[in-house]
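Please see the structure below; I have some questions.
Labels run A, B, C, D and E following the written order; every chain starts at residue 1.
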Amino acid sequence: AEKVTVFAAASLKNALDAVNDAWQQQSGHAVTASYAASSALAKQIEAGAPADIFISADLAWMDYVAGKTLIREDSRSTLLGNRLVLVAPAADARPVEIGEGFDLKTRLAGGKLAMGAVDSVPAGKYGKAALEKLGVWSSVEKDVAGAENVRAALLLVSKSEAPLGIVYETDAAADPSVKIVGTFPESSHPPIVYPIAILSESTHPEAAAYLDFVRSPAAKPLFEAQGFTVLAK
Amino acid sequence: MTLDVSVRHRLDAFSLDIAFSAEGGITALFGRSGSGKTSLIRILAGLIRPDEGHVRLDGETIIDTASKAVTPPHRRRFATVFQEGRLFPHLSVRQNLLYGRWFSRPPAETGEIERVVGLLGIAPLLARPTAHLSGGEKQRVAIGRALLARPRLLLMDEPLAALDDARKAEILPYLERLRDETAIPILYVSHSVTEVTQLADRVLMIENGRLTASGTASDMLSLPGSSAAISRREAGTVIEATVLPHQPDPRIVKVAAGGLTLFLAGTARQPGQRLRLRIAARDILLATKRPEGLSALNIIEGVMTGMAPCGQDQIDVTLDCAGTRLTARITTVSADMLALTSGMPVHAVIKTVALDP
Amino acid sequence: MTLDVSVRHRLDAFSLDIAFSAEGGITALFGRSGSGKTSLIRILAGLIRPDEGHVRLDGETIIDTASKAVTPPHRRRFATVFQEGRLFPHLSVRQNLLYGRWFSRPPAETGEIERVVGLLGIAPLLARPTAHLSGGEKQRVAIGRALLARPRLLLMDEPLAALDDARKAEILPYLERLRDETAIPILYVSHSVTEVTQLADRVLMIENGRLTASGTASDMLSLPGSSAAISRREAGTVIEATVLPHQPDPRIVKVAAGGLTLFLAGTARQPGQRLRLRIAARDILLATKRPEGLSALNIIEGVMTGMAPCGQDQIDVTLDCAGTRLTARITTVSADMLALTSGMPVHAVIKTVALDP
Amino acid sequence: MATLDWLALSDAEWTAIRLSLKVSAVAMLASLPLALLAAMALARGRFWGRSLLNGLVHLPLILPPVVTGFLLLILFGRRGPVGTFLETYTGLVFSFRWTGAALACAVMGFPLMVRSIRLSIEAVDGRLEQAAATLGASPAWVFATITLPLILPGIIAGMILSFAKAMGEFGATITFVSNIPGETQTLSAAIYTFTQVPGGDSGALRLTLVSVVLSMAALLLSEWLATAAARRVSGT
Amino acid sequence: MATLDWLALSDAEWTAIRLSLKVSAVAMLASLPLALLAAMALARGRFWGRSLLNGLVHLPLILPPVVTGFLLLILFGRRGPVGTFLETYTGLVFSFRWTGAALACAVMGFPLMVRSIRLSIEAVDGRLEQAAATLGASPAWVFATITLPLILPGIIAGMILSFAKAMGEFGATITFVSNIPGETQTLSAAIYTFTQVPGGDSGALRLTLVSVVLSMAALLLSEWLATAAARRVSGT
């Protein structure tokens, strides 16, 4: 039979590969995943991509496809959550107390604050929102180095190019050359969520079953192993 | 075959304006360096489109700027031997030679190929690439390549200039045969009076892009009035001759040249054959009375008709020998000694071997 | 100046193995197409490194494969005129001419530049790009470019082949002057006996990559035994001559050539000047008794020493004229008529104008 | 042992390698005729719109690959005008197929190939082509027997540039045809995916090495071919 | 009116445009001498390691840009061996500076420039260089007065390829020096940013148009220069 095709944000690769293996073993159905930037996937879905499931890295691109009635609204849900953390190179892991008006500028000591590009990369948008909420954005705005994606931001910190970076907890936890020096309060930024939905054009009989599996308790530990918070009930 | 040409073309400061028509055989283009010979060849080959004018071959229009008719170069089949060889660097000598064969109907036969290769002495080169051929080797291959393309008209731009005299002397008779045996008309650029005398049926004198004179080889290459492109050394008289019936002594042939009867060495000539003889002015001696016991077989009576100074201390003496004009170049000292005056009867002494073509 | 050369080099099937030494003046390389002349020039210019051997100029080692010493081409300052011109396409004619000037100490002066430009007739071309020069124009620029580089040795590979005879005749005296007035030694490749006779002090005969003979121009270019590269037409005797004190008649000069005394036309010669005369075998008539009333000023007594057949129905007759050997080519018919036998006294008749260089 | 384990490639990776080679080779070969045409037109043509053509050819170089990918998606996608047309009339489908990856790679490599070939064409001595014409060769024959052999080194250079570019290209590809294992996931896309997840570095490094080795082999082969071609031309 | 509004560029966009032009121009000019050297070595050199050099030169083409950026970061970053060395001895800093963007663009365009120049060098008639040497010109002079003028069209072609590539490059740049407005945010990066947000299409389109117009202008200029150079060479 045809494989179930999942279009998923690239940052999900490790976790979703494990989940897909598990589903394959359990159900006997094959699944294939195409990992790319959420933006590219959304545009491809718009162009008629032969996908069954879309997992976006943020709400905006899911809303985009929803706005064009390309997904089955009833199948949409938020699958995963993540936390935003402040990281520093392992060599300089002094913790930072993140709170209202905390002194990020001094801690940067003239260096750059690495984060996702604040206009485009989801992690960058969340990071900017958090810093604004905490009232420190204007003091560090000029010091921000916007990376193409979270991984690139993390790289800048792990190679000590930047003394601090704002990334997802999932990325930070897996990299031994960086240390998490603070976690942003959930309230400081819009919820970090990975929405999932079945595409309107999907005719695959197993799509719904797959979606259910991904949201099932069986998948939960696999996502959590990569540091995600599973939001699906 | 009639080639009818009338073209005008500007190349920056240089302008070409030439009209002529040529019958079959070999037409020589003779003129100094930079006079426009190559440019004319290029127009005929189709590599330059003239500003104005026409070219017709046997009534077929090749170019006519008035009616905007132009036959593209490859349909003209005017194979060209260029001054600079232009061998194809990625093909071997053999492949270069056979290049035109793909396009000629019928293609050159094996026999013909072998003949051309043998004649040009390029058999040992056949398998070689062209890059390291010597200058003369290159030019020989270029000649072979053009011949084997079986062209309707052969354009040759100083084809023998890079060859040694001995090699030239070997190839010339082949071109003569080509002229006589095939019907391929040839337009032949050359600086060499020897070559032109031997080959050309008709000579076009070009100076500064203009045709200054044209006519038979005899008229064009004979003093007085021959072109500035002919060196002093080569200046003289060219006359057409016909071989007369066999002589008792087979080592000698008698020819009728204008009103003259001349003796040539060599048995290779057939009675009735037509030849062209060049008698350089410097090869004629004058005598006031008939010399005896001389190795020269040709002692011709004539009347002195004029003298023209030729450089310092030499004069060209014009004779009328039974209606044929000859020119002899002698020193003014000799002229004084012989007390030459117009109207005086004289004997022109020409060595037999000097008449060798 | 002494150029001392001894090189061995393989080029695929062709091998060059030549040793010679040349003093100042012009040394001619004479040989058939493909005999290795250009290859030798390339070795001297530094464009090929020979497999083995040495080249020395005035004791300075230019190449020595034994000690692995090689002077790079630009330090040799052996300016070369190539068979194919090789003008720089991105430079104008003037820039081409002055190219070597940047590197020569002292650079050529304006006067010298003007003289070269005038002589080569390239003044109207100076501002032009080189792409559309005619074949002869290109070669003239190439000659000028080499001359103005003020080289230590000038290598010329068939420099005049692309020129018309008249232009050649104009440039030759300039090369003669170059030879006589400057100390620049020249190695000169040519197929033309005329050029070589007029210019060369020494001739190297090359055949198939080997030096077959070398010696003075007189020895090398004189029959019998001169090279196969000399055409029948050009074969003859080359002799060195010295102009004798002025004659009463200023239009004539008397020269001593070997044991002979000959008359030449022209007042341009100074007493004591040395010349080289070429007397083509075809230019000599033989007479059994002294002819009278002839325009020829040179009637020389001699003794017939031998005959050699030369082609069909002709023979080369060798004479001993007061110790100088001359060769005359006559028909076998004439030989019979004159009943020539060895040891017989004969008169050699040579036209004065035939001795024009 | 550990080293070898690290180097051992998964099935999916082998698939990506095979796919990359196929995509790169097809991209290179399929764009060749068009590149030749474009190079001839640019080198020799004197027509109106030559500058336009030149600009068009260079476009994939000037645009960020993502933009090129989007444009391809809009034009050649299943809903795109060209895509619809081709599917209807030739049955050729690009969207989300390996053919689409090849198209993206071909487009990205096109300016490189055209420039190389064009430079070679401009260096051809026109006098040789003229000589061929006087021997009776029509323009098509002249091109096939004289021009083409003489520009072979340039063609080879262009092909290897295009191939190498195809091996490294992922921006336009992934944007146009996504990153579907076995169908559109090329080596580069796989490398990219590895860089997007924690712990993916060693996988990325491993695949990068594979990519470099393959491209170097292609490069060496092309150099060897070019040298052979040049040797034939110069006759040495 | 609405159209004009749409076309109106923000200050930040103007900054990105200026920066892109600066970065591309510097990348093109700074890599030229090295590209010339590499092209000469590859075209003429017969040394051991020539294949290695050739491979190295092509590396940026073969590798996904992200990988190239990553390598640049490791080598030329503030903590990288080369970066540290350069900062200490020449004061030149690449990390997070526009100079780093220029370096990334130069590296990405390098193979294109080298190939173009190399192809031209290989097309030069060595006999002209020999003739110059016999007239007394040392190899350096021969290069300056004969080779260089003759390869000018190839150099120009290489420069425009490099420039165009620099205008379109963003993968390596953003990975190496991030996306700092006014310092490292080039036009391409700005375009990319637009493509990453829903509804950013029109912004991306607008900047793409700007980029295309600028590159086309550069392209036309280069064509004109190349034609002039070629005309000088062929003397027509």
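Following the convention adopted for this analysis, contacts are C-beta pairs under 8 Å (C-beta built on N, C-alpha and C of every residue); 3 or more make two chains touch, one makes a residue touch a chain.
Keep in mind that what you see is a predicted model, and the values were worked out from it rather than measured.
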Which contact partners do chain B and chain C have in common? none
Going from chain C to chain D via touching chains takes a minimum number of steps equal to 2
Which chain has its C-alpha centre farthest away from the C-alpha centre of chain C? A
Computed distance of Cα centres, chain D from chain A, in Å: 34
Between chain D and chain E, what is the gap in Å from one C-alpha centre to the other? 20
For chain A versus chain C, what separation do you get between their C-alpha means, in angstrom? 90
Shared-interface residues of chain D (touching two or more other chains) are 66, 70, 192, 195
In chain B, residues with contacts to at least two other chains: 84, 128, 132
According to the definition already given, which pairs of chains are in contact? A-D, A-E, B-C, B-D, C-E, D-E
Which stretch or stretches of chain E touch chain A in the complex? 66, 70, 73-74, 77-80, 95-96, 171, 174-175, 177-180, 185, 192-200
Touching residues (chain side chain A, partner chain D) in the complex: 5, 7, 10-11, 13-14, 32-36, 40-41, 43-44, 47-51, 149, 151, 170-171, 173-175, 226
Chain E residues within the chain D interface of the complex: 51, 54-55, 58-67, 70, 111-112, 115-116, 118-120, 122-123, 153-154, 157, 160-161, 164-165, 167-171, 188, 191-192, 195, 204, 208, 211-212, 215-216, 219-220, 223, 230
Chain B contact footprint on chain D (complex, rising order): 127-128, 130-139, 141-142, 145-146, 149-150, 232-236
Touch list for chain A against partner chain E, complex: 37, 39, 42, 60-61, 63-64, 112, 114, 117, 119-121, 144-148, 152, 155-156, 159-161
